[in-house]
Each structure stands twice: as C-alpha cells, then as structure tokens.
C-alpha cells in the first residue's frame, strides 16, 4: 500500500555540528536500508528546499508510522502524509 | 528532469454528461500515450479525492507546460508543480 | 486499518428539491449498509455544520477510496482523510 | 455529550530527558484512568505525526476543559475541539 | 451550557427579492422567540459585516445543532462554533 | 460602545514560576476591577484553550486600547478585536 | 473616532452594464457626500486592485456600520475594518 | 507617491529593558523627524495591537525602502506595504 | 521604478468562444505595445499555470494602476503587486 | 531554463555581529560571481522587506538546487521557487 510523504527538515541553528553530523549519517543509513528492502520506494529532493518527497510501500498505517517515527531526523521534521492507490489510467506495473 | 505535479479536478456539476464522458475518454488516452513514451513517469490516485499525484520526466519547464496545458481536463484542474532532483541518499536507479 | 474522514456537504441551492431528496435517501441507505457490515465504524454530526466526522475500517487505501467515491453525495462534498493507528496508551479493544 | 479533540504535541528539543520521561509517564496514566472511567472514549494515533485524535464523553464544556487542561502535556500541546452529536444516519448504539 | 457562534450571511445576489424578504422575516421571528425563551442569550451585529456574534445557552451539543440548523437563513450562512465555560476570573452572575 | 475581544495566552515555558504567579494574580485583580466598573462586560473561557472571549464596553477605540495594553499578560497575548453594535433583531436591553 | 476600512469590489461579470453604471454613479455620489461632511476622511485606490483603503471618522461602531451598509456597492464588497486611535508618536493634528 | 504601511512590532521578551528603552526613544525621534519633513504623512495606532497603520509620501520605491529599513525597530517588525494612488472619487486635496 | 506583478487568469468556462478569442487577441496586442515602449520590461509564463510573472517599469503607482486596469483580461485576473528596487548586490545595469 | 526565486532572510537577532558581517560579505561575493557568469540573471530588493526576487538561468533543477543551497545565507532563508518559461506574447529576446 502506497503513501506519499513530504518531509521538511528544520534543524536548530545552534545544534552542535558533531551532533548534527551524527544524526545525518544515521538518517542516510536508515533511509538506504529501507530503500534496499523495498519499503521506501522513491525519494526525491525538492529544488531549493531542505525537504524531500518520498513514496512508501507499507502493509498498513501502523507500519508507516513506525518507519517515520524511527527516522533519526524525526523530531526536526514537519511531515505530511497522503494515502495513495493505483490510478485507473496507470499503465505502469510499479504504480501499485 | 523530474517534476512532481498534483492535479485536483473540479468539474462543474451542470456539465452535460456526454461532454464530460468525452473529455474523460480523451484525458485517459492522452495520459496513457505520455506514460507509454516515458514522459509521465508515475500517476497515483489520492484516496478520497478526485485528484492525482504524478511524476513527469521532461527536458525543461517549457515541455512540462506544454504537456500540462494539453490535458483535456486542464481548464477544470487546480495544478501544483514541485521541481525535483536526485536525492543524495537515493540508491534507486530510476529516481533520476 | 482505520481512517478518520471529515465530510463537509455543499449542495447547490438551485438543485431541484426532488433530486436532492433522492440523493439524501440513497446516501442514508449507503451509509447504513456500510455501518452494518463494519466498514463505517462511527459517524457523528458536527454541531452547527452540515458535516460529519467518521471512522472507517478498511483493508487498504483502495477500499477507502472506493467507499468514499461511491457516496451518492460525493460530488457535493469536501473530504479530508487522516490515516490512524492504535495509540500506545489506548486500553480499549475497539480502538484498533 | 461527545467532543472530538485533536492534540498535537510539540516538546521543546532542549527539555531534559528525565523531565520529558516523567511527563510522558504521567500523561499515559492520566489518559488510561480517563479511558477506564469512560470519559475518554477513544484515542487514535495519527500516522506520521506526534498527535492523536480522541473522542471525549463529558457532561458539559466545563468538564471537557478540566480534563484537557489537566493533561500533563497540556502546555506543550496545540488542541482543536469539535463538538459532536448523534448523526441521524447512525445505527450504532455507542455513537451517542 | 454556553457557546459562542459567529454567523456570516451570504445571500445569492440573484435570489428573488420577495423570497429574500420572506426568509429575513422568518429569521427575525425565529431569533426573537429563542431570545425570549433564554436560549439565544446575546446577539450583536459585527460592524461593516453582514454577520453576527451570538451567545447560546443550551443543554447540550444536540440542542445547539437543532437550533442552528433550524435558522431560516442556515443554508446561506457560514457558521463557526466555540464552546465556552465560566472563566475563573468572572465576577458576573450571568457569565455561566 | 461594544467590542468583542479574543485573547490567547502563550507564556514562555521557561518563565520563572514566581514571576508567572505574580503576573497571573495581577491579571485577575485587573480584570475584576474592570468587570466591577462595567467596562469588562463579559468574560468566558474557551473550552480546551488558554484563551478567553470577552465583551468590552468603552467610550471609544482609545479607551479600548488603554484597557488592553494595560493587561499584565499583554505581552504574552495574541489579541483579536471585533467592533460590535446592537443587532436589529435583539430584544435584550443589555445587548447595547 | 477613526477606523481604517479596506473594500474589495467583486462585481458579477454577468451584471447588466446599465445596472452596473447606475450603481457606480450612486456609489460615487454617496462617497463624495460623506467626504464633504467629514465622515469619510480619506480614500485611496490600491494599485492594481479594484479596491480602496479608507479612513472613516465616526462617533461609534453603529455609525460606521450604517455608513458601510449604506454603500450602493455593499453587497458586492468584501470589507475589512480596523479600529484606530491616535499614535503616541504622531505630531499631526489631523491624526486624531 | 503614497504607500500604506502596516508595522507589527514583536520585541523579544528577554531584551534588556535599557536596550529596549533606547530603541524606542530613537524610534520616536526618527518617526517625528520624518513626519516633520512630510515623508511620514500619517501614523495611527491599531486598537489592541502593538502595531500601526501609516501613510508614506516618497518619490519612489527606493526611498520607501530606505525609510523603512532605517527604522530603529526594523529588525523586530513585520512590515506590509500597499502601493496607493489617488482614488477617482476623492474630493480631498491631500489624498494625492 | 520597478514592480513585479503576478497575474492569474480565470476565464468563466461558459464565456462564448468568440468573445474569449477577441479578448485574448486584444490582450496580446496591448501587452506587446507596452513591451515595445519599455513599460512592460519582462513577461514569463509560469509552468503549469494560466498565469504570468511580469516586471513593469513605470514612473509611479498611478501609471502602474492605469496599465493594469487597462488589460483586456483585467476583470478575469487575480493580480498581486510587489514594489521592487535595485538590490545592493546587483551588478547588472538593467536591474534598475 | 528560467526560475523565479523569492528569498526572505531571517537572521537570529542574537547572532554575533562579526559572524553576521562575514556571512553577508560571502553572500555578496557569491551572488556577484553567479551574476557575472549569467546564472543569476536578475536580482531585485523588495521594498520594505529583507527579501529579494531573483531570476535564475540554469540547465536543470539539480543546478538550481546546488546554487541555492550554496548560498552562505541559505540556512537563514525561506525560499520559494517558481519554474518559468517563455511567454507566447513576449517580444523580448532575453525573456528566454
């Protein structure tokens, strides 16, 4: 089941640089593991923003919540969730 | 070059049914031809809305505009465009 | 899987009274059949508004969309969908 | 008398971890006591958000206010209250 | 139990004058009967707007809804409901 | 001359408790003196919010401003002012 | 007593030209009579908008309301009222 | 050339009192010098707000910008600029 | 003196096609004459929207207003005006 | 390919003056180098705001993102991107 998720990151400008670097490294590893397993289907950067648009493939709302709240950057993010489904005009196999 | 586009459709409730059916048939054909050629990369329905989230792959802003204003439903749509690019954490080949 | 849905109804004031009455009768029957089957878990009226707050229990986003777009009043509604899950503090069996 | 309440939690990121843990433990106990007594009818987590949607059953606005301002997390919450009543199409006994 | 209600009136400019006059006469009678019985505690005009701010005293949300949807102007109004209670600093007897 | 005023209070969470208690005590005394003199006609708490809805009776805008900026909590408040007048349908003597 | 008022005009595009011309002529006469008497202190056009910013000098909210609802264009306007008073830094005699 | 400017002041509550007093004194002197020279045509306080509505008479956008960014309070203000011109219905000489 | 202007066009879908074509032809001629004379410095289409972003070079607010209200499409447009000036970092001659 | 970008700057008022001066100097150099190379086509100050409107000419979304996130002031900016293209009515050579 697919969800579109937009994440906007707002890191406090007084966060120690080392702490920030550590969070970002863990964020990247976390994201790539989920991409690898197929849960995090797509991730794109939004031009000019510290933000991304992503597509998640999860079995239910509870899994989506667990994945998102597990993000190392979660407490610095504004998150917007949009539930998706196959469009009747789609001809692509991977739009489901 | 990728763009996310959200389209919300608002057809006037007094549009003659035949005219509506004709527009929708042309819309579907138009969308599927562009999916076929690779320009319209993804299309998903938004749950509970007469709306979709799509990903377009075009060579520039002008091509995007030509594709969107060519939609048979264009004059009944509210459209929101978000320019995208490859995310540094992406491991997928088709996120570019 | 649970979703909260808010529906605000805006019927055009020039809709023939008979047509309106027919739509409302079909809407009520449709809603009660889905309540009966367990899909439409709760429905409450919002005080002072021609609107309701509902809880749906569906197997996925696609079923939710089919249920909502099947509403006889769908084309006169503004719909807002919020995906829910069990809260870690809940002690109630029917909050899942 | 029923009210829908949405609570969004925003804890300051510099709150000492011990203080935060203590508030959260008291919040959980407070919520479960009110669920137990029937005042807090439902509580659901919103997917991807540090937020919940709840249904309260109170005798009047004053009781609702006392319950909400008594929340250990009250000062870190944005709260939205929507007064509800039985919907004429409801067939469920517990929608009142 | 008290509620503040703001009502903004938007009558379609093509409504026949006679029909409009009839609705307004019934609205005034309806309002004055409820003021007389004590349900409609206060009503004030908002300067420069076709709108009012009112205070209602009802026994529950259901009575408030019945009163508001019974307004002859209801279908031409945008309504905003705010649940109130006695303020701890109030010294007035009629603020409850 | 009447004004509706909504006041939302946002006290910084790091304000020393003693300072906060002192401000609140002065706020209560200030409000009750003005209620006593008839300037602060009504004050109601909004359910679930650290906020109130009030009705002021002043001789002009300048008096209203002096009263509001004199509030001990003024610098922690968001204030919204709505100028009111007698409604043509009012039958109450004290709605002027 | 001074009020700033912003008026945005939205005339329906299907209003008969003669009716529109008649309303506009009466609007102009009405405005100039009130300027002449000192009630309508200032009126400025907003660049690029069918809108104006005005300053009214009235004895109370009721007079302001009577003046505004008497505008021949009233039913085609969106009106925003801001109550003003003398600024402590003003050195101009006519800012009161 | 006239501009309406609304300025809302938000001074940080932890600004040392002496520093605040110094800024305010310089602000007043700055404003009065510009009123004196005719650049700052009008200034009114908004009732209940730490804000003003002003009319500036400048030779172009660049002069307006220089005047506004020179305000001692500039960095604590939210500013909204509205370009004005003579209204065709104005009969006042000083509305240009 | 420069202004940025955004124009969003909303033509009623029931406007006779001939009337629409006539307005659009006059709009184009009007725009090109002003570009030719140097008043309309730039005009760009916004991708995916029936809208443009333009830069105007006028001697004052009154000229800007005359130019914009003279647009054949004016009554079908939503217009947003932003006053500009030379940026201190600009190195381009034609940014003034 | 052209993009309009609006940048609003919000520097924390407690940023050490030296650090601020250093960032601003680097910002100016960065901007002028990009103007020099033709990437940053236009930059204008917005009257009364610590903000600018700019036009960028880049080969794709990725280049735009690299340019914007490289701004020394990036972390203190709110950025809004609007993709542009040649307008069919433009007669200017440099509007492409």
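We just call them A, B, C, D, E, F, G, H, I and J in the order they show up, numbering each chain from 1.
The working rule: a residue touches a chain if its C-beta (ideal position, glycine included) is under 8 Å from a C-beta of that chain, and two chains touch if they have at least 3 such contacts.
Quantities reported herein were computed from a predicted structural model and do not represent experimental measurements.
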Counterpart interface for H-J, drawn from E-F, A-J or A-C and sharing over half of its contact pairs: A-J
Inter-chain centre distance, subunit C versus subunit F - centres from mean C-alpha coordinates, in Å: 40
For subunit A paired with subunit E, centre-to-centre distance based on mean C-alpha positions, whole Å: 46
Between subunit C and subunit D, centroid-to-centroid distance (C-alpha), Å: 22
Residues within subunit G bordering two or more other chains: 2-3, 45, 47-48, 61-62, 64-65, 81, 83-86
Chain pairs in mutual contact under the definition given at the outset: A-B, A-C, A-D, A-J, B-C, B-I, B-J, C-D, C-E, D-E, D-F, E-F, E-G, F-G, F-H, G-H, G-I, H-I, H-J, I-J
Partner subunit I, residues of subunit B touching it in the complex: 3, 5, 12, 61-62, 64-65, 68-69, 75-76, 79-81
Contact set on subunit F toward subunit E in their complex: 2, 4, 27-28, 31-32, 35-36, 42-48, 52-53, 55, 82-92, 95
Contacting residues of subunit D [partner subunit E, same complex]: 1-3, 60-62, 64-65, 81, 83-86
Parts of subunit E lying in touch with subunit G, wherever the complex brings them together: 13, 45, 47-50
